[in-house]
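The structures considered in this document are given below.
You will see chain A twice below: alongside chain B first, and alongside chain C after that.
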Partner chain A sequence: MNKKLAFYLLKRLLLGVVTYLVVISVTFWVMQFVPGGPWTKERAMSDAVIQALNERYGLDQPLFIQYLRYLGRGLIFDFGVSYKYKGREVTSIIFDCFQFSLTIGAIAAILALVVGLVLGTYAATHQNKFFDRAIMVLTTASVAMPSFVISLILLYVFAVNLSLVPTSPVGVDGIGPYILPVIAESLYPTAYITRLVRSSTLDTLGQDYMRTAKAKGLAPRRILIKHGMRNSLTPVITYFGPMFASIITGSLVVEKVFQIPGIGRYFFLSIQNRDYPLIMGTTCLLALLLIVFTLLSDIAYKIVNPRVDFD
Partner chain B sequence: MARHNPLSFQINVEKFSFASEEEKRGTNLMRPNSTFFVDGLKRFVKNPVAMVSFSFIFLLLILVFIVPLFYPYSFDEVICYRYVSRPDASFNYLQPFAYAPLELEAREAGAFVFPHIFGTDANGHDYFIRVLVGARTSLIVGFFAAIIVLIIGGTIGALCGFLGGKFDLIVMRIVDVIYSLPDILIIILLSSSLAAVFDANADGPLSQLGSGFVAIFVVFALLYWVGMCRLVRGQVLNLRKQEYVMAAKAIGASTGRIIARHLIPNSMSVIIISAALQIPSAIFTESFLSYLGLGVKYPTPSLGSIASDAQSYITIAGDPKLFMFLIPAITICLIVLSLNLLGDGLRDAFDPKLQK
Partner chain C sequence: MRFKNKFMFAFLSASVLSLIACGGTAAKTQSLTVCLASEPDSIDPALNSAVDGATLLVHLDAGLYRYQKVGNGLKLTLDLAKDITKATARVVDHVPNAEGGWDEVVYENGTRYTVTLRDGIKFSDGTPITSDDFIYSWNRASGATLGGDYCYMFETIADGVYHETDDEACPSLAMKKISDTQFTFDVMVDVPFMDQLLAFPTYFPVKKATIDANDTQEPGTWATDPKTYVSCGAYKMTAWEHNSSITLEKNPEYWDAANIKMDKITFALSDDDNAILASYKSNQYDMIDSVPNDQIDALKAAYPNEFVIAGQMGTYYISFNVNSKVFAKADTQEKAAKVRKALGLFIDRNYIVKEIGKAGQTVANAFVSEGLSDPAGGEFVDHNGPTGKGEGYYDKGETDAAYAANVAEGIKLLKEVGYAYDDASKKFTDFPAFKYLYNTSTGHQKIAENIRDTLKNHGITVNLENQEWASFLNTRKEGNYDVARNGWVADYDDPSSYLSMWTTQSGNNDSQFGRGDHANAAIYSADTDLDGTKETGLTWAQSYDVLMDKSAKEADPAKRFKYLHAAEDLLMETGAICPIYYYTDIYMIKSNVKGFFSSPLGYKFFMYATKE
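Now for the complex of A and B:
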């Protein structure tokens, strides 16, 4: 590893830490400005009870002390006990719900990558033929569809009308309930990757070294995979990292439509409930994953593509 | 009189005087002069996809801004109160072009009742006008979000490019951090918090707009300006190095003139196209928030909130109303699709770097 790369890594790492701190701080201060606290519920509690609860959870201390404690907890990834789900550790709640989002998201991401690569390469090598046109039309149309529209139509057609998959929530009935959410979450990234791969492969196909490879008699498949892929994959790497992070942390909409008890859902509910420890936990996890995967994909990009400067 | 020395490097100033009218007439013009804008326009008109998208958006704009002015129903009007003073459920869930019993009576009596083109919704509002006004809301959100991004990102980016030095360095580090913030997270956080703030003082002028509405603008103002900032900064840095800018400086043009005559015209097309592509992204965000219940406040409709309400109609036992969900959903898709295609068409026509 050369000096420049080490310096670049250090800089990116520092940026990641700053971003993480900013996310924690923004979360804390935004929640402070919101009227109503975690104890505002349908049935009113007496002041004495609220006082006792505030003392127990340290909410009676000055804001700045609370903020510092908050920061400290974010750094060691221990968020204490949830306010809403009494007696449950936030980390265990997150662990429970994260597995659903992770399963669905990881499958969807890999599906999107594989399908996108195949379709994109095929479209590029058959430019302006029927399939290329069809793929372009389909991908253009599907990036214009909001995810709730896709999810609801999938749910209506395949689960309600045709009864091909069960309507029961994930966690019961085996793999059936996972199918539609996976499709719903993978549609947008599939379309995006297809377009990326198509345009970058078209770029690569026009390069001189591809002609050289052809001239020296290599098989077309070998030219495409050995010489073309490595160069046409670089844009996909930049996109895949952040996409993977955001897809495994669960789409709020997809999890709402398919009633998945995933992390996106819990994040949304915890804000509604003012469940500070849970908000904190979910936010930290989402931010951390995004930062780590963006960093990883940037590093991978630099390694695969040595022409890029480390600036 | 000094004879002209053939070896002299002194420039003959007369060669740089303006051409006389006679000389101008003498040049043989093959065709009229063309400008960058006219050239781009010609390319744009020749692109069928872009033209279809443009016509669709144009028609839609006319439809959503002019039709509600003289449409007989308004988006928040409960139709039954025209006939009776108490709520009447027979006006809810009408099929397209169907009439409620009381409306049929009025028609029998000879009165003209304007048909409900898309029927009515669960609250007895005319659905057609709600979709129109919803589309208007979504378009307005998209447009203003793009303007906000353009103004904030453009100004800061231009300043960074011009001033350089420490200012540039600090701002670019802030931009780096904002760029890597998880945007969905911040949007949800802000709009939920704003929703709570607005619920606490429901009579404020902003509260009428709805939390999602304001949250989108706040989020675009806080987060999404960074992309524009980087773009504008890059443009300014790039253009400042161009020979023609150096030439302009060499003949003593003022900074203001360089900005007005060289920098703005040359970077404008790229910047405006990029701002235009913010519009569909903002419409997407708005529909997403509305779906989660954080969007515009009832009775103001937006396409996202109408579609979100309509999803419960899909599953009405025995009488599913899929079309009520499909109408706003397809409208969103068509708007976003045609705006995307329009942006691509503009880019192909006006971005000089893409020209072959």
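Now for the complex of A and C:
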């Protein structure tokens, strides 16, 4: 078993590196074919300036050389300087912003997990009762509503009209400005997890082993937690890994509406600005996190469900 | 779930609010929080090219001149300089030659400026600002190797050719140190806007030692961190929370620190109009430079004393690609000009301004916008148009009758070109469908849709296509379009800031004048020697380029502006530039903030403001 696990991990790690390289490569080549470049600006630059800039950043080199250099930089996670934000290292931009997105995202994800588990289990064990129905309506609404609508409603109600929290973190100490973004980011996963847990718990509750446990005379709570939860968790684990990776890399909308200096907007802005190093940096970060958390999620999945083989 | 979240944040926010309440300081310093835009690309004076960056720079740094409010107007007054004199001099310029070297060009009637700096001026770190700093800074900013967007701002200074290489032999600007507080610089032709250039952020001095120590890998690094940002103006940078805020506090070393009223300014960095407005409404921000377009009417009504519409030197227009073959019947440039002019006449600018723009924009009937001065008195627009009396190049169509007349004229022009008009349905039956390109944005889209709907009434099909910004710029610059949305904001108060973009070689010549087939179109007439008679049969290079070149070399302001007006006449004759409106600058500022002002270039000045 241990040998099997080690072999499995090694295999997955290698696969992860390959995936990572593929992502970097695809990003690089796609970028080359998108019209416009980092020096495409409304006020045109002279040819001499563009040439000087290309030389400085090695953009005058043959594409294949640029590609190899990018691969090398991607592997050591050093992307050089941003073309747009003059004089700033991409890794420092990413670090500065990522800490905000990570904190908000991680809290939102954990909040979603806890609330989702509790609500989902509660709804399943009280199927078709009032609370179950109410939870289902609320979760459907949260999943269906676009996040910019939810964010703006939260902002106007709680920050502007009720003045309970500040509208922006500028000039404000403390966690006040980060409360609404956490809620805004957690709504969708909370609703999603609630629904997952509800349906898988309902499914588990009908299983033979649950009836056996009941027949053995175990306490209902113990049956639900020890025998039921373990099984109903499986779909949540599958969902949680990639969700966690995506939520901690920030939401463009939520970060814009609440003026959070997170990394979410850079995924979008770096492409708009053709800021190649920043595009590489954000893409590599996202790819890396997705690979890592999918792997962790798979391992957790196998621990929870020993019937699944490591192969 | 809802209860749980609500409870939690009510608890948390209560604790946060109490923290804020306890943290209030007793000292009565004046402070402002304003929001102009998101994270600036750079606040290195030589690398910045954005208006919001320029606002930061006029607070942090200083030039030889500065803008001050005098009565209701703005005036340029001496800043770091105590005296600037000029005299006619023999000026030598260098231009690159075909062999890769430099040729001397002598201007016998050039101008030599002598600058005397104020005594005892210092950078924010206490070190003196000397002539060497200006000579270093201007050479640094004008060099191609630095890669600043605005290096062309130094073209007026002799030898101000782009530095092609790092080669020591490459000429630097014609500047000479006389003493630590005195230096000269030479200009080939004394431009009337020299004082504006000397107040322009690209001309601000920076400290060499700081740059040498920090910019070892990458230019502009020194300007990304408050610890290394050495400034020379009214403020110093005390904090930069990247992507969130930049804090400036008064610089006690600034020579005029006694007259700087605002102690601390926090520039919030954000680009979401709705979020910015929310912060303004909740009194977190004192001034905001953008508002959501769909809320302009409501805000104007709700905040009559805080909503401001200021003039701005800028024109929103449509550019036609002169080499487009989409209007097949217009097989000559003359006919194509008629088609373009006709399409322009159909556009209901008045509706666009009132119902879509809503920000007090004015209908445009010329390319050079309102707000630019003219040596003949008043504004440049007061002297534009074929007769030079300020009538523009077509009627603004601001009344129903005037607009109907424009439309009738448009129909007549298209019929002359040979398009079939059905009098019963009042529609053209064989006008080819064409594509209108714009960059993705709600405002541009609404204007595009209005133009499409208007032209549809005349039987003309317009297909809309939008592209994201960088792709759009690329498509337009390469001339891969028929008709595209366009806009231009002046760098300084001089028509050359607009008109020089349409010379054949200009990188901003989106209409492709003088290129491709248009290079051979010898159809233009212009009085290029101002002798009262127009020469005919000229190509674009022989007419427009010549007018612009002569205007650049003309020292007499009256004559210079004659060339510039002639250039605009020629430009508008092509119909390829179809102005829609002149931009305005809208912003909101709390009514308890006094002494604030802005310039028509969009710069905002908070240093003389006080909060009551």
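In this text, the second predicted complex is superposed on the first by the 289 of 311 C-alpha atoms of A that agree within 3 Å, B and C clash if a C-alpha of one lies under 4 Å from a C-alpha of the other, contacts with A are read in each partner's own complex, and residues count from 1 in each chain.
Methods note: a contact is a pair of C-beta atoms (placed from the backbone, for glycine too) under 8 Å apart; a residue touches a chain by one contact, two chains touch by 3 or more.
Computed from a predicted structure; not experimentally measured.
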When chain B and chain C are modelled together on chain A, clash or fit: clash
Should A:A287 be classified as contacting the first partner (chain B), the second (chain C), both, or neither? first
In the overlaid three-chain picture, which partner chain does A:V149 touch, first (chain B) or second (chain C), both, or neither? first
A:I225 in the overlay: touching chain B, chain C, both, or neither? Say first, second, both or neither. neither
After the superposition on A, what does A:L180 contact: first (chain B), second (chain C), both or neither? second
Give one of first, second, both or neither to describe whether A:A159 is in contact with chain B, with chain C, with both, or with none. second
Which partner does A:L13 reach: the first (chain B), the second (chain C), both, or neither? neither
Looking at A:Q272 after the superposition, I want to know if it touches chain B, chain C, both of them or none. Which is it: first, second, both, neither? both
Between chain B and chain C, whom does A:S246 touch in the aligned arrangement: first, second, both, or neither? first
Which holds for A:I135: it touches chain B only (first), chain C only (second), both, or neither? second
Chain B or chain C, by number of chain A residues touched: C
Given 127-135, 469-477 or 505-513, which part of chain C has C-alpha atoms clashing with chain B after the fit on chain A? 469-477
Set intersection of chain A contacts, chain C complex versus chain B complex: 34-36, 152, 156, 160, 256, 272
Touch list for chain C against partner chain A, complex: 1-2, 4-5, 9-10, 12-13, 15-17, 19-20, 23, 33, 35, 39, 41-42, 44, 47, 49, 144-149, 151-152, 162-164, 215, 217-224, 241-245, 266, 268-272, 274-276, 278-279, 281-282, 284-285, 468-471, 473-475, 477, 506-508
Residues of chain A defined as touching chain B within the complex: 15-16, 18-19, 22-23, 26-27, 30-31, 33-36, 140-141, 143-149, 152-153, 156, 160, 246, 252-253, 256, 267-268, 271-272, 283, 286-287, 290-291, 294
Would you tell me which residues of chain B are touching chain A in their complex? 176-177, 180-182, 184-186, 188-190, 192-193, 196-197, 200, 280, 284, 287-288, 291-292, 304, 307-308, 311, 314-315, 322, 325, 329, 332-334, 336-337, 340-341
Can you name the residues of chain A that touch chain C in the complex? 34-37, 40-46, 48-49, 51-53, 56, 81, 84-88, 93, 96-97, 115, 119, 135, 138, 152, 155-156, 158-160, 163-176, 179-180, 183, 190, 194, 256-259, 261-262, 272-274
